[in-house]
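Structures are listed in the sections that come next.
First chain A sits with chain B, and in the next complex the same chain sits with chain C.
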Partner chain A sequence: MTKKFRSKKAAERGANAAIYIILVIISVIWLFPFFFLVIQSLRGEEGASTMYFWPQQWTFDNYIGLFTDTDKFNFPRWYGITLVISVVVTLIQTTIVLITSYALSRLRFKMRKPLMNLMLVLGMFPGFMSMTAVYFILKLVGLTQNMGLVGLILVYVASSCMGYYICKGFFDTIPKSLDEAARIDGANRQTVFFKIILPLAKPIIIYTILTAFMAPWGEYMFASLIVNGDPDNFNIAVGLWEMLNRETINEYFTRFCAASVVVSIPITILFFCLQRYYVQGVTGGSVKG
Partner chain B sequence: MKKKGIISLIACGAIAVGATLGMTACKSNKGITVWASQDEQETLKKMIAQFQEANPDFDTPINTGVVGAGDAVSKLSTDATVGADVYCYANDQLVELINYSALAPIPDTTVAKLKEENDANSVEAGLFNGKYYGYPYAADNGYFLYYNKSIMTEEDAGSLDTLLAKCEAEGKYFIYNMPEAWYTGAFFLGTGENCVGGTYTVEYEAKVVSKSYTNFGEKVSGSDYTIAQVGTQAMIELNKNSYFVSGDDKTISDYLNGNGKVTKFGACISGTWNAETIQKKLGDGYAATKLPKFHSTLTNKDYQMGSLTGYKLFGVNPNSKHLAEAHQLAAFLSGEQMQELRFNDLQTGPSNKKVAQLDAVKQNIALSALVAQAPYATMQGAFPGSYWDAMKGLGGNVQGLKPTITTVTVSDTDLSMTDALKKFIKDFETGMDE
Partner chain C sequence: MTQNVTELDYLKMSAWQKFCYKFVSFFKAIPLLFLNFFKVRIPAAAKRVGLWFKNFGLTIYSAAKYGDWKTRFSFVLFGFSQLARKQWLRGLLFLAFETMFILYMALFGWQYLGMMGTLGTVESQWVENPWTGLEELVPGDNSLLILLYGLLTIIFMLAFVYAWYHSIRSAYNTQQIEEARQRLATAKDDVKSFVDDQYHKTLLAVPLAGLTIFTILPIIFMIFVAFTNYDKAHTPPGSLFTWVGFQNFIKVFGGGMAGGTFGRTFGRVLLWTVVWAFFATFSNYILGIIVALMINKKGIRFKKLWRTVLVMTIAVPQFVSLLLMGQMLGDHGIINNMLKSWGLVKDYIPFLSDGLLAKVTIIVVNIWVGIPFTMLISTGILMNIPEDLYESARIDGAGPVKAFFKITLPYMLHVTAPYLITQFIGNLNNFNVIFLLTYGGGPSLPLLGYDVTATDTDLLITWLYKLIFRNNDYGVASVISIMMFLMTAVVSLVVYNRSSAVKNEEDFM
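Entry: the complex of A and B
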């Protein structure tokens, strides 16, 4: 009886090689658009597009122009506005989500189940369906146009408590006995939340912050509707769209690419700093969702 | 410790909200708003300054917003009541804007003055149901031929076949956006001298299209072939040429840049918005003229290509709280001086007769090409969707040589082709009884 056995190590190595090749191919496909954007943003020649890939002249002028040549396209202002909106939204939304999740995870009250069901059903409606209605309500209250930024923030945080699922799932994994011990020692609900739950929930706080920040950062539809053409209140997406008009695209396309790269910086930084929490947050919350 | 953290977090939020409120609250909502594209903002501000200088007792503040002539409809369709008091629009959006109650009619006395000062068609472009709705300021919303003077003469550029032969000899390309409905009409429309003679008619009844039809099914004068056949055959012939490229403004940019050193641009059909880009790349080679003639293999004759042309006008929003002032401002912004300023700053083709006669305007290469094309141009009114769909469908079919058009010989014996063209003609029609 001669039966050939491949060693386990060799088999593993073969499988790993195959997996890595697939992963490399996928990551190249994924990263290529971003790579293309970076290359285009460093192109010195004007024009909306070129037939060749590598630029003939390399330059940083597109980036410099973005921040110095602000007469026509005031990028720094749009950047600032979007940053303010995103930061404010992040703060409010994170607070709301944490509070909601805590309440739904730890407290038992009569409307708990109906409330959760209601939120589930409401969550099924796509937000943009109600866009026109929301717009007219905001207009009625006077939160469009010049007050557009406040209106926008309101729109972005409006339904944020409905994003409690993952966070509540995470809270559920923290043993209840910790709460009970603290309660026996005389802590009230608030103390339990701040002193017991929050320190244990770092990953999920980070996760909430990240998702809350990203939503308004690149948002176009509501922003365009609510500011209604007032260039002082444009956010990045609305402002950059103006660069792509048929009159300006040839001159400004490379600068548009540079702007897109700059736009991705804060999110990249956030991710790099908070990455290890992010994975914990996503997976931790799903254990008991 | 943690509690403090959260409280400071909330405090930060409150401060940020306060800051935003403060930032926005100091701007008042009162006054007149004027919309123009980002590209035009600088010029618009100059114009407003001149207006305020000329009318010292005009004390309503004037603000500007960034919405170009192309986007006005979509912004106003959501809510015309908060739209700008004065805004730019292209005349093909006229009926739509009236439907959204976003255009106020112009007083009769002003209309007389507008007619006196401006090109007749440009004023008519704002006419609907006997009332005028716009102050014309630009007559350059059309297309014509740009060509590379260093590889062909103006005479060469007058014939599509010669043009393509020159391109081939030099290894350069001719770019035309075949499946884009706006351009596809070039092979059918036009009633000027030597044109194939296609027309398209739209009739309105109380703000809605009641009827639309073409004469593309009629015979070209002095031949046995219909306008649809002659035009389509010419498109098919063009599409076979390997030095023809179908593409949009991005493709034009591609071929202008060529390999980065040598341009691959031979000629293209486009409008004034590309003038600066093409001029910059071609330098001394930059030239423009009317569209070329195409040779029909069916009738063995040459036909002049037609085009669509439109105007841009200032509209006044009837919801304006300062209606009289808005009319006054719109009239000023579209006046002779302002059109001259607009030409100097933005090379906009003027609708004002006097400005059009200025030497600088006459010497502008792109604008004079547009003027040369004018006799063969069809005025683009508010065409319904069926027009654009039919044109786009045919352009796409020819370009992709889809099953409906498999053969290059268009004749009555080729049934599938005939059917396709019958459908093509039928597609333009709305509200027609058999």
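Entry: the complex of A and C
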């Protein structure tokens, strides 16, 4: 009996050891690209790729160059533009998502179901198929190229009500008896929204803010179309893409890495601070389906 | 349950059988949905529309017949009846809308509407300027703008008719209320109702306006483009394009394009899209669960650390990590260089430049991208699986592998089936992973006499992108995207309307 017990314990320990090994290997694989990114950003030699892993010269020039050598690639400007876009988009998009979700979750009106189906179906249409049309609509009101920043923000927020899904799912879980109690006490629907639903919806608000803020940093398709090759109005993604052009990649690869690090650090920190809410949002939205 | 399987039969099935049954019945539901759509939904919708028009007619008729002069004058001047009866807010709103519409039509709309039938007749051409002797471009009609602004005008016109109807109805209502000597709603009442009974209108006005202009109008536009010959040779403003009926559809499906290779390429790309979506979805799903299980296992320490490491891929913008991965895996990227310098390989490995290997690489990289999501989602669910299930399985002699397939996976599939299917649809349209990883290039498929070829790794969506932005093949691209749209829309509508979230929507309330 004791022998069997001990062997079972040993097997358990063996299994755990195997798992530890696998987890370490996984961690290495997962972290390697980021590690590589940081190393490359500190590389002194030029070239898109080297035959060795560790740089022969270590330098901060790539980072310094990003902010000083702005003739060809105006990184600080792109960074500022993307930051402005992100902040404004976050504010507007969060508002739109919240009010759409509240309307669809709590208010009952004739077109509610058809509207929900419509938004679901619209989301299936490949976005860039409509890009030319969007471009000309923006051009009609003069919001391309120089005014591309405004146009881009408008495009990002215009359809954001289609992202109501997760947020509505959260609102649905708030007991309706709370609303009814407030209604009996004479609150109108607006008061219910501001005084009852919103204070209870903190996790989902933070989730919405987080996803809304992160999205513009990686958006390439619309950004490249709407600014139409005007380098002064590139966002980060378009700018970084340009750096990897066949003509410039050899000279600028290390700087691309440095730029990537500078872009990633704040977002990563923000993400890890708010990770809890992100997990809640993702899990909630996916399980209820 | 459908008719063929009774409740009892279903309960007798094993978990796997249940899943397979659900899977099959899902696809069975698609034709049923169509049938339902044509037999029930369309007649019902037609009935509703008919009813609306009947109401429309009745309202207009009775307003014209029984209305006093104030109401009748509202036929021409929106909001007149309301203004005359001191409902300032409503009256002014209607009036403002009419003014705006007339201004829009007079200054802008009418000229485009007239040319919708032909999409323009005057080509722009180079003409010698008699004063300077230089060639000058005289701009002609721009088919693209005619189509777009024409559609915009039609949407406004429909809105106008709708507003006209509401204006008259409200005018007549006001009159009736006045005749009955009841109190008319004041501006204050109107404002009040917009934060209470009609709060949905207040809330949804702005979101829906944005949706109409930036999503619905462009989609309608692209659907119309599928019936035109808008391509490289017919690109405004240089030249015109016009209606061609179903020619583009025949081109794509009839196989006549690019020496018959177009249809074949389309087939290959479509096949790879489906294969990719399948592998990308399930590899992420199963491996993600396994990783989550390993991290959650009792006795494993530093759980938070492992999770944090994996979550890095979500936190760092995908744009950065995918472009970087593309560089690392390139023919002369760091991985090939390292392997060569260690003497492990003689020649570089064509990770992204060989058709088949590129497909494998992309799926593997996608696993790198996707596992953290599945891990996050499944962690919570895994903790809900009762521990005694595993305990009794162990006593009955089941090993960990068997327990995984008999307990964990069925449980997960049951709970997260909707997530799985949305993932599948998302992967059908996964632009980022393919495009950024291959930097929009890769090994190409043969396409005779055609400028832009699809590559081996192209999904329909990335191919579309190339067709549009490198070859301006809008007509053909629109056809393909309509097909894609139908495919995904049908699947997702079935999923959405069958999912428990919709059926049990009122559960919590």
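Here, the second predicted complex is superposed on the first by the 255 of 289 C-alpha atoms of A that agree within 3 Å, B and C clash if a C-alpha of one lies under 4 Å from a C-alpha of the other, contacts with A are read in each partner's own complex, and residues count from 1 in each chain.
Note that in this section a contact is a pair of C-beta atoms (placed from the backbone, for glycine too) under 8 Å apart; a residue touches a chain by one contact, two chains touch by 3 or more.
What you see is a predicted model; the values in this text were computed from it and never measured.
Contacts of A:Gln56 after superposition: chain B is touched, whereas chain C is not reached. Legend: residue contacts after superposition of the two complexes on their common chain; A:Phe67 is shown touching neither chain B nor chain C. In the superposed model, A:Tyr220 makes contact with chain C only, not with chain B.
In the superposition on chain A, contact of A:Ile19 is made with chain C only, not with chain B.
After overlaying the two complexes on the shared chain, residue contacts for A:Pro33 are found with chain C alone; chain B is out of touch. Put chain B and chain C next to each other and count what each touches on chain A; the higher total goes to C.
In the superposition on chain A, contact of A:Val87 is made with chain B only, not with chain C.
Judged by the touch definition given at the top, the superposed model places A:Ala48 against both chain B and chain C.
When both complexes are overlaid on chain A, the residue A:Phe136 reaches chain B and chain C alike.
Judged by the touch definition given at the top, the superposed model places A:Val150 against chain B, while chain C stays out of reach. When the two complexes are laid over each other on chain A, chain A has residues 48-52, 132, 136 in contact with both chain B and chain C. Listed in rising order, the residues of chain C touching chain A in the complex are 144-145, 148-149, 152, 192, 195-197, 199-200, 203-204, 206-208, 210-211, 213-219, 221-222, 291, 294-295, 297, 299-300, 306, 308-321, 323-325, 327-328, 330, 332-334, 337-338, 340-341, 368, 373, 376-377, 380-381, 400, 415-419, 422, 425, 429, 431-432, 436, 439, 461, 464-465, 468, 474, 477-478, 481, 484-485, 488-489, 492-493, 496-497, 499-501, 505, 508-509.
Those residues of chain A that touch chain B in the shared complex are 45-52, 55-56, 71-73, 84-85, 87-88, 91-92, 95, 132, 135-136, 139, 144-150, 153, 194-195, 198-199, 225, 228-234, 242-243, 245-251.
Within the complex formed with chain A, the residues of chain B that make contact are 2-3, 6, 9-10, 12-13, 16-17, 19-21, 23-25, 27-29, 35, 37-39, 41-42, 64-68, 70, 75, 78-79, 82-84, 249-250, 253-261, 264, 273-274, 276-277, 280-281.
Interface residues of chain A, counted against chain C in their complex, comprise 12, 15-16, 19-20, 22-23, 26-27, 29-31, 33-34, 36-37, 48-53, 96, 99-100, 102-103, 107, 109, 112, 115, 117, 119-122, 124-126, 128-134, 136-137, 140, 154-155, 157-162, 169, 172-176, 188-190, 193, 214, 217-218, 220-221, 237, 240-241, 244, 253, 256-257, 260, 263-264, 267-268, 271-272, 275, 278-279, 282-283, 286-289.
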